[in-house]
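The first chain written gets the first letter, and so on, giving A, B, C, D, E and F; residue counts start at 1 in each chain.
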Amino acid sequence: MEAQNNCFIGCEKSFDESSAIIFGAGFDGTTSFKPGARFAPSAMREDSWYIESYSPYFDKDLEDLNLFDFGDLELPYGDKKTALRIIQEHVQEIIDANKIPIMIGGEHLVSLAPIKALSKKYDDLHIIHFDAHTDLRNEYLGEALSHATVLRRIYDQLGDDRLNQFCIRSGLKEEFQWAKTHSHLEKFTYNTLEERVNVLKNKPVYITIDLDVFDPSVFPGTGTPEPGGINFHDMLKIIETLSKLENVVGMDVVELSPKYDTSGASTAVACKTLRELILATVK
Amino acid sequence: MEAQNNCFIGCEKSFDESSAIIFGAGFDGTTSFKPGARFAPSAMREDSWYIESYSPYFDKDLEDLNLFDFGDLELPYGDKKTALRIIQEHVQEIIDANKIPIMIGGEHLVSLAPIKALSKKYDDLHIIHFDAHTDLRNEYLGEALSHATVLRRIYDQLGDDRLNQFCIRSGLKEEFQWAKTHSHLEKFTYNTLEERVNVLKNKPVYITIDLDVFDPSVFPGTGTPEPGGINFHDMLKIIETLSKLENVVGMDVVELSPKYDTSGASTAVACKTLRELILATVK
Amino acid sequence: MEAQNNCFIGCEKSFDESSAIIFGAGFDGTTSFKPGARFAPSAMREDSWYIESYSPYFDKDLEDLNLFDFGDLELPYGDKKTALRIIQEHVQEIIDANKIPIMIGGEHLVSLAPIKALSKKYDDLHIIHFDAHTDLRNEYLGEALSHATVLRRIYDQLGDDRLNQFCIRSGLKEEFQWAKTHSHLEKFTYNTLEERVNVLKNKPVYITIDLDVFDPSVFPGTGTPEPGGINFHDMLKIIETLSKLENVVGMDVVELSPKYDTSGASTAVACKTLRELILATVK
Amino acid sequence: MEAQNNCFIGCEKSFDESSAIIFGAGFDGTTSFKPGARFAPSAMREDSWYIESYSPYFDKDLEDLNLFDFGDLELPYGDKKTALRIIQEHVQEIIDANKIPIMIGGEHLVSLAPIKALSKKYDDLHIIHFDAHTDLRNEYLGEALSHATVLRRIYDQLGDDRLNQFCIRSGLKEEFQWAKTHSHLEKFTYNTLEERVNVLKNKPVYITIDLDVFDPSVFPGTGTPEPGGINFHDMLKIIETLSKLENVVGMDVVELSPKYDTSGASTAVACKTLRELILATVK
Amino acid sequence: MEAQNNCFIGCEKSFDESSAIIFGAGFDGTTSFKPGARFAPSAMREDSWYIESYSPYFDKDLEDLNLFDFGDLELPYGDKKTALRIIQEHVQEIIDANKIPIMIGGEHLVSLAPIKALSKKYDDLHIIHFDAHTDLRNEYLGEALSHATVLRRIYDQLGDDRLNQFCIRSGLKEEFQWAKTHSHLEKFTYNTLEERVNVLKNKPVYITIDLDVFDPSVFPGTGTPEPGGINFHDMLKIIETLSKLENVVGMDVVELSPKYDTSGASTAVACKTLRELILATVK
Amino acid sequence: MEAQNNCFIGCEKSFDESSAIIFGAGFDGTTSFKPGARFAPSAMREDSWYIESYSPYFDKDLEDLNLFDFGDLELPYGDKKTALRIIQEHVQEIIDANKIPIMIGGEHLVSLAPIKALSKKYDDLHIIHFDAHTDLRNEYLGEALSHATVLRRIYDQLGDDRLNQFCIRSGLKEEFQWAKTHSHLEKFTYNTLEERVNVLKNKPVYITIDLDVFDPSVFPGTGTPEPGGINFHDMLKIIETLSKLENVVGMDVVELSPKYDTSGASTAVACKTLRELILATVK
């Protein structure tokens, strides 16, 4: 008698069989308003079974891909550097095996770890980033490593012309200013996404979706709800556009904080976003 | 001194005076994810008093119709066959008195009972169905009678060319496949509704609204929230189209699970949907 | 060592330095369905710090204005007349000092107090009103002073051609009838707003936003959720239009009931609406 | 076909058949902290069906008594005087028919109305009162009629040596001082209850239970939770003692605010308290 | 890379190594009030990691035993007979391997399945049962198989003098009557537990704990909260008494409904009860 | 016009006038289960106004003492060392002015900061500690500074015979072992408290109350609910015993996480505990 597996729906293959590896990185130690993103990976795993593995949008099924769900990394909530190191080492193992890492956060800071690992393998790594917030501060409350600085730290890693940010609707004036010369940042909308995707078609691309890009009506279960975001139909259009990318080398969805939405609607949104994103970009 | 009546707003006539009869059928015994639709009828009755009986959309008032609210049927949660039998007998009484049954679910399985009763009276009964889910499985977890199979069971009753399904966005690949030859199923949207309504204008029509057809942002209070649905403005357009039907012989709204939306917004949506639907279709 | 101040974000100036004065009037004593608007001012103050003071929509910052947050008035919940008197006296102090009152409700009845005070100063005061409900009853449950009669009482104060009501989607038939000759009332939408703003451009205008004008998907945290409302993008368009007014002499946002939305999304919507409204209209 | 009745469990007799009459008086307009007691009567009615009508404590059944549940009075929340008048007139009807009024509040202020009515009939009416709070202020926030003054107003009606207060654990120093000469007030406990019941055995007695007499662990669903109260076993002992009273002429349970306890445990406590109280005191 | 296991704390051994086997049977299809016990097993597994595996009460550690957690059985919610059959077959496998089944419910009906399996192996099987409710009806809402009839069905299996019921505080008069001749039923308390444990010391005993035996203050997260129950200190005394049993052949804890207690306190109570029960009875 | 102050009830004096200074230190960055203690200080401040400032237990009033409430320290959630440094500096300022620091946490780690500051002033500082958990690990998830290690770090500061721990009911076997030679640790109960208070009567004592010492029934609003704790009557007895201490030099209450108890009962318990503790120990 073997113990039952509690994986994300449609991810029942072994590590060796799989081309992409899901794992949870539920760190939320720098969250400044309402922490709780640590509970996202297990909530998404459990509720994923109540959406289907089949997508009528793409007419594809997760079960037709080869996907393995590792489960969650054990991370110390009070020690962000150790947490990032553990994540990065885990991603290194995945990419060393020529597989694509798919991370469920946690707060947005965790995105730094896989991008650091991937930037060693791909020296022309580009980032496509959806978010309500710029995340471009140089420091936040005296901290260089924070959910509010993560894109700036990624910039430190990758340099100019690598960040592509969409739907951004909140930040300091200075951040928007800074972005003008260092990032492709589109305020409020994603009109330029298709154009950027065409440019990046064959480049190695990492996609990071801070789920607070959704309007709080669609996604109340997050630490810093910011009104004025996109709805789920927008996300479907975005993912259809992203499906034209030919070399997606990693991806994450972050900032679901499930206990703030007891209806479970936010968790369903996170699950379906991840399902569509995988079906669109993992070959 | 008489006990106060707790009816749905505007339904204060007696059975004999009324042309349409509201009743609750709060069965949710086959719900596979989050049960609780049993609490819908009483929640809707209580909260209906905080929307008005007057609709500025149709410039009509529930109080100008003749409506009776029976209250709730007592149903055994662990025995779906008995539950369906009790509902069907109750509907039979209503249609024997030449009145229109208006049912508040409960899970979607309950729709089978009034349709069975009505199909004996109207041999060309047609169904107009709004839902997130196909509900066309032949069985689900080994059960032939389930919220996930209910439209298939209705099909068994009525046969080809009777089901008209709109806004469907989730199901198995096989279900969508099956629908191609047995049902008029429109994925995601309701663009063909007007055309179908024109065809069915004088036919006896039963309308069943699984309220999870709404996007979870609009309607989080349901057992299986499925992102990507319609908003309330869409529902108003749908109901305006339905108002052209001249022979609506029964209707239901199902799958409100009020305890999953403590704000009460979902219950308000259910109440207002039902108010507009009645004003549009009950003559 | 001085006690820390708990003001609304960006409102850290002194009374004397400031051109506009924020205060809370958390009265909800006539609420007929779900009371709790009394908790709105303190919830908005606390959560305002998690939106920014900078608006990328207007490219303006609350900190560049001169704003003082007084805190909350102490009001007796069981005595509406005394409550209204206390608010009116407080507003009188503000306008005597040539400053603009910005009130956070509370239920909608509180709007009567600042409008009474301002109508003495400006005899051509006009009202721009956003709401789900007409609020035009002459009395409600036998009460002349109620959240459901407040616009009628304001009419009693100001007379014909002063009320401009938008997005109204619920009320009695009689109210809509009455409005035809006494108020500019636009049902459902705000298509005529721009035209009215052009007419009122140089007039003294008071803006009152009953936050239940939002659809409950956007704003579930309110006492009487009414489906079919506007979304946050609509509100941004509305506020942009309002920014053309040159003589806004007071404003309020009312009917947030934060405990009914434990996710905090409604509070965030209220805060951001107020931030944008201030940036658009306070010079 | 008759509409189903939604009464409190075991209260299915007609008015005329019955010796005691239950009704709801869900007024909460003077609540100073968290309003919501208005929702108590309908919540108790609905959930009463999930406790039994039979008590193994008293080996008695509600169905063996003759009880009628009128339903709820319609009360204006913003007008305490009118609300009290409506309640008093309703109680007058009940006692004119020689029946015992059993009121479900609402906030504690509502107790004033039946006591006023009963004090006209019984000039030696005594009160037995369980509460966390003294409720003996002469005025509260400038209001003479308030949940915090209600026992003082009852005193005004009845005079010295009529109030018997137990388990009181919160109040102003002045209130405790005042009580020393005007009320039998036992702080914290109910050790003197038996002695007082023996004295009052044949007197007409009104019992008023402010449910916040329970510790918040037992009864979190109330507007002003006050730690340090009694548990349910204490209440059973209290009610057993009260069963020795031979002339209970009225009773109430007040201050359940069901929406603050989404688990439903507080509502169950209120229902079972009321069941036991009725079985103990209604002959 | 192996997938992480999500077992109950301290249950990390393999099936073959283990002397006792934990599994989840989250069926709740006959629940008459508030369903949701289906979510208990996964909630307990996740939260068990935040109590310790070490008990300072027994000075023992779960990790010193040999325990395997199978995970959850997949059960059809709408088909109680199939659900019971699947559970019984699973238990048969466990006892065929000479291991002790430890079941996490689900509603109380699930207890019937392991007891049926065990009664074939042990013809002198005795039951020790803790509950708020008698569960002795012969049928409930027309159903013979129900959470409210389960002990009666167990009686049908085992006969007189096998049921030992403690802390029972709710039921029909007839059930208490029936119990007098067929069951050892102690109302309200557990004073006779020690005596019964002494008698049953060497007999094969199955322990079933309906967690609603706890007072709702301790355990609000259950479908039918019944005031007047025991507290956690009582449970510790009960379990210490149970530790004298020398032949416990199976056990279960049922009726946690975690979504009704969003604080997680009920889940913690369930986990710690199970930890102590295992440490006390599994050798 | 001055801004209204939002202090803890009865703490309206200035810093200079006061003998004791309340402040909030809402750090919760190392919380391993459910974070949210950061919201405790503002929740307690707001809700403190709905208990009285007068205690009928001690017949004393907070307003008769001289108390100042500073408000909250701004602390970086992702940087525990900086957070502890800011708290320690703030406490240093308070003790330099010969005033008593009264801290509202935050997670338990924050207690380390005031104790460090006080240990420099009082070289015979003793700790009286109430908690569910030992908090004596040498490290936790690789972190030396953690809520689970804080008493061990305090030990590092003060040495043997300084820690007095009561009501401890959870920890590793090793921790209980270690405590035998380094700490006065009483498991489960507080029977030895009086004896220890007599010994420490004239010593400088710091009191730290981890509010999870309460049973979760009394205090569900905490990150790691641990069944089997004390009730509020126990706490009153504890505080009465503590009132015999003649040199209490600092105190804190920590680990309220208000968002996990939406009823507000836990916040009320925290407020009343703090009120009684201040009245008992601040002269």
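Note that in this section contacts are C-beta pairs under 8 Å (C-beta built on N, C-alpha and C of every residue); 3 or more make two chains touch, one makes a residue touch a chain.
Bear in mind the structure is a predicted one, so any value in this text is a computation, not a measurement.
Trainee: Using C-alpha centroids, which chain lies at the maximum separation from subunit C?
Mentor: Max centre-to-centre separation from subunit C belongs to E.
Trainee: Distance from the CA centroid of subunit D to that of subunit F, rounded to the nearest Å?
Mentor: 38
Trainee: Could you put a whole-Å number on the gap between the CA centroids of subunit A and subunit C?
Mentor: 38
Trainee: What is the distance, in whole Å, between the centres of subunit A and subunit D, each centre taken as the mean of its C-alpha atoms?
Mentor: Taking the average C-alpha coordinate of subunit A and of subunit D, the gap between them is 55 Å.
Trainee: What parts of subunit F, by residue number, touch at least two of the other chains?
Mentor: 32, 34, 215, 217, 259, 261-262
Trainee: Which of the chains touch, listed as pairs?
Mentor: Pairs flagged as touching, ordered by label: A-B, A-C, A-E, A-F, B-C, B-D, B-E, C-D, C-F, D-E, D-F, E-F.
Trainee: Given the complex with subunit C, which residues does subunit A contribute to the contact?
Mentor: Those residues of subunit A that touch subunit C are 32-34, 168-173, 176, 187-188, 215-217, 220-221, 224-228, 260-262.
Trainee: Quick one: which bits of subunit E touch subunit B in the complex? Just the residue numbers, please.
Mentor: Answer in residue numbers: 28-32, 34-36, 38, 74-80, 82, 109, 140-143, 145-146, 259.
Trainee: Under the touch definition given earlier, write down the residues of subunit F that touch subunit D in their complex.
Mentor: Contact set of subunit F toward subunit D: 50-52, 54, 56, 59, 61, 215, 217-218, 231-233, 236, 261-265, 268-269, 272-273.
Trainee: Considering the complex alone, what residue numbers of subunit C touch subunit F?
Mentor: Per the stated touch rule, the residues are 1-7, 15, 21, 42, 46, 68-72, 93, 259, 262.
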